[in-house]
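A, B, C and D are the chain letters, set down in written order, and residue numbers restart from 1 in every chain.
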């Protein structure tokens, strides 16, 4: 870490900072510049929160040198994490994983039909929401455990692993009973009690980026899960909030290669929530593969017009099958397969 | 609601939309424009999610006319909600409420000292965090129930009501036992299970704006609580995420008069989290009062340098007392008192 | 247009709005809703600025139905605009156009070497900046006319058309003398005098999206140029300003398919400025092609380390040639060639 | 400056960086950390663009220590700049300056009436736009020189100095002939040729913050003007672009105390453009004074409903006079007068 002193800081301020550094067992080196004094801290600065240094008298700012996420960081790790799923498939390897299904589970028949069709089209796993509390308190809130049972049935029929969102630590036991992968949604990316709970579950976790989370906050949230000895974290870009209003969110594909540089964890993309528009799912899926994503998560429904939730961003099953065909050459063009 | 049809939509599309409107019991009126057909929907459009209309074939977009938050909306309500606190004080009336205290409760002595000092300075209530899971998993996470007990003790000594943050539905019973006001943090503004739980508790709730929440989403989150027959919701602006990096967030004071136009609920401001900088707490508190806020929530600590959490944005107790003095003429200048 | 009246608006307010509509030659239809009155305006609402309606007494808001950009809009136009360049190449057709070159022209030798190399790699045109006033007044500001002369020489040698940025209406004559395509930069997207001047020049114009411009503002800026009877406008996404700081800007690839739906104009992408990082140019170029861009504009330099300007985002000539090879299968995968 | 080397950087990389530092005449000090090497640069790092260091092999990032704006920075300057206006009034001193007038000059009678009325209410100067090219090419574009002549007449009648916006370097001579203060608009904040031209004019300049400019970019733009030996720069916050859509922009009042910490230049606020809503002008003006602004710039018009431009954000002359009365106690509350 580098601590920059204010121009008007005193000798006493400097001495005090150096003493505080010493107390922590780190080593401080004073550099007297023309306009400013700067103190370099030698050693692993992550033993104390950075805040600590910023409030010492005479300090202008502190600049961290090491990434605050030790486990998620690629530094010192020369591998890519590969998540192994029940059906023998993987997320994070050469093969691109595609998770598909409806936003909300509506009935047993619905989820089984969808599971069969997306399996035929080449999907890796099925997704579906059982708990759907939404922004508007007056709308459909999900089938809850009944939905999970339907999903488990769809898995029995097709062999596809299940992905479902988890909303609160209390549900971890229940959802883990049925689901193969737990999903933490964008609104819960910094729900630290939930992160701890899914970490302790040991299940693979899809962690969706908070809609206004920086890459650092995203990786720190992953670190929360990893620090519970659960190495199976999949990062998912799902659109960030910007000033642009044509799309509901701005799908930030550039975070994919950024994350691939910074972490060994797999990175997938959700073009459905990330755009909020059905017509953009196809091109943005191709874009996601082209920039290096390890997978996609796509909302699909037999009849999006009749979908209970998120119809505008949902594609139908024929469009999904067509998309899977069109993704094959894109994957090959970047040295992957799907 | 207004439904705008695409330029290329067919007669059948129009007929289909009109039929769907009829099914809901609303009335559709077709307006044939020069370039577009537009359908006006007469009646309370909020019986169905807006999404529903956007996915019908031939529809370009639907434009809501009525605010989706019926209870929070000022429409049809010619009063301001006033929250009555245990010590006879109020939030939302003529008098400006000031809630002060440390980010995290560190010890009984600490919280009692702070409570006494902020009471002397004129504070309305004390705040303090007992559960502090933070972005970085390797840092201090709070005293939990022990912290609540210390806070209750500080209330016994000073008579000041207690505000504390609640993180998960499971904690509602425990925290309600000690705390007079429950606070829902920015990262939980759309944690709908938590909103429901604090709604059911009947306790007054400070709802902090999500750091990337629009005013509509903010009011819908309030609606969630109100719809559990809990009318005691206090809205709190605490800074939004923008491209500016000098302050940790951008405190958006303009949302205060915007909310006062749209809702009857009290609106307070958190200049500590909203700026992340100690030196900005004083001017932004004055600004908040000047634009019409009903109160402030301010982080204060006897020795911010030694504060476990959020030191950089915390002012010391002398600075708090000084601030309270300086706020008095500002409050009077806008016809309020403090 | 739809005019929504306030809940508390009077009969007189409604009558006044209807009279104002009548004055303009349009037709107003009053719809009396349960909670609100709404007035539908029949006819081409674009004859008056929308502001006009918003300030009438009793009006809550007005909602436009027609896009304010008539010429740029795809509505009523079933073609894609193709720009024809001097060397027989095109922008906007099946073939993807790649414009490459240094941020700033440094010398005749430099630009000729680059032009030869990028031509060999398959580039469509060369770019280079002659006027480089930058954020920091104490840094290199460009070779000015000398730079243009060097570029013209590079065109003579290679046959590649020239793209150069224009900063002020005064320069249009000078730059048009040398350059085949004029570029309007992100900081000038709403410099309306400049838009008019490049419109009058008749030269093809690359219009870069303002770093905080919505798609509507972007298309209105294009409309400014088109309305001077200059149909040769190329839209260029170059990154928007968001809260994310790892990349200098957030390259918003989703605007590419959005624009392709809304306008017949070609859309290209600048992954160099749009990310600010050399390592991201390759993956984001592939992503741009995959989402449907008609071209790319890429900063390349023989020795980025010695580049006067924007070194961190510039790739070297070998990396450019390699990128061109890698883009070929991506283009084929989406039915294009490069 | 601090240069952080990559974990995988070599001894040669470090030696190369040290050699490059030496070449510039600065001094490099190598600090060998546990995980990283860091090089501290002693001396005034601003002699080279920061980019220069970022592209050297093995460099992870460089961290500047000194603000890149030497003249605008408060460092080493213990005064506040006070701008002296023709009528003996000032901007930047104890007294708060209020600049008022219409968005666009519409006629001699209009501007004279407004000038008289705002003078009576206590305004410091009048503003009015003569050149009004707007986002939509099909709307009113301003009276041009005729408008300037009308403004000069209004000054003759009232003695109030004139503020008018300048759009392009070509206009500087013309506008300077009539106007006492030149205004650079938000869309031109990084129009460096214009900044240089207004700098050379020697006239006081109101520099509006770009709608997506950071505080650093804002101060660098001021530096451009100051570096032409024109010390008379007034900074103006006018709203930034964020995800919030209720107000046209988000007026960022927190930048006022931030700028007051960083620079000696006066800071004023434009609540009209900064909110886009008439009803917010009054509270946000009070907020601006309370947070420490040195002045306001307010759009006012005898009949906003009939205003050619920007009606929705314009207040009428009675509302302006009322506002001026209401601002007096707010100014007094923060130790200022108006």
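Quick note on the criterion: contacts are C-beta pairs under 8 Å (C-beta built on N, C-alpha and C of every residue); 3 or more make two chains touch, one makes a residue touch a chain.
Note that the structure is a prediction, hence the values are computed from the model and not measured.
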item	value
Chain at maximum distance from chain C, centres defined as averaged CA atoms	B
Chain pair repeating A-B, as identified from B-D, C-D or A-D when over half of the contact pairs by residue number coincide	C-D
Centroid distance [mean C-alpha coordinates] between chain C and chain A, Å	32
Inter-chain centre distance, chain B versus chain C - centres from mean C-alpha coordinates, in Å	39
Length of the line joining the C-alpha centres of chain C and chain D, rounded to whole Å	26
Multi-chain contact sites of chain A, meaning residues that touch two or more partners	212, 241-243, 245
List of chain A residues in touch with chain B within their complex	46, 49, 51-52, 54-57, 68, 131, 133-140, 167-170, 187-188, 190-194, 196, 211-212, 217, 220-221, 223-224, 227, 241, 304-305, 307, 309-312
Contact set on chain B toward chain D in their complex	212, 214-216, 240, 242-247, 250-258, 261, 274-275, 279-280, 283-284, 286-292, 329-330, 332-334
Residues of chain C touching chain B in the complex	2, 4, 7, 29, 31-36, 38, 40, 42-44, 63, 65-66, 75-76, 241-243, 245
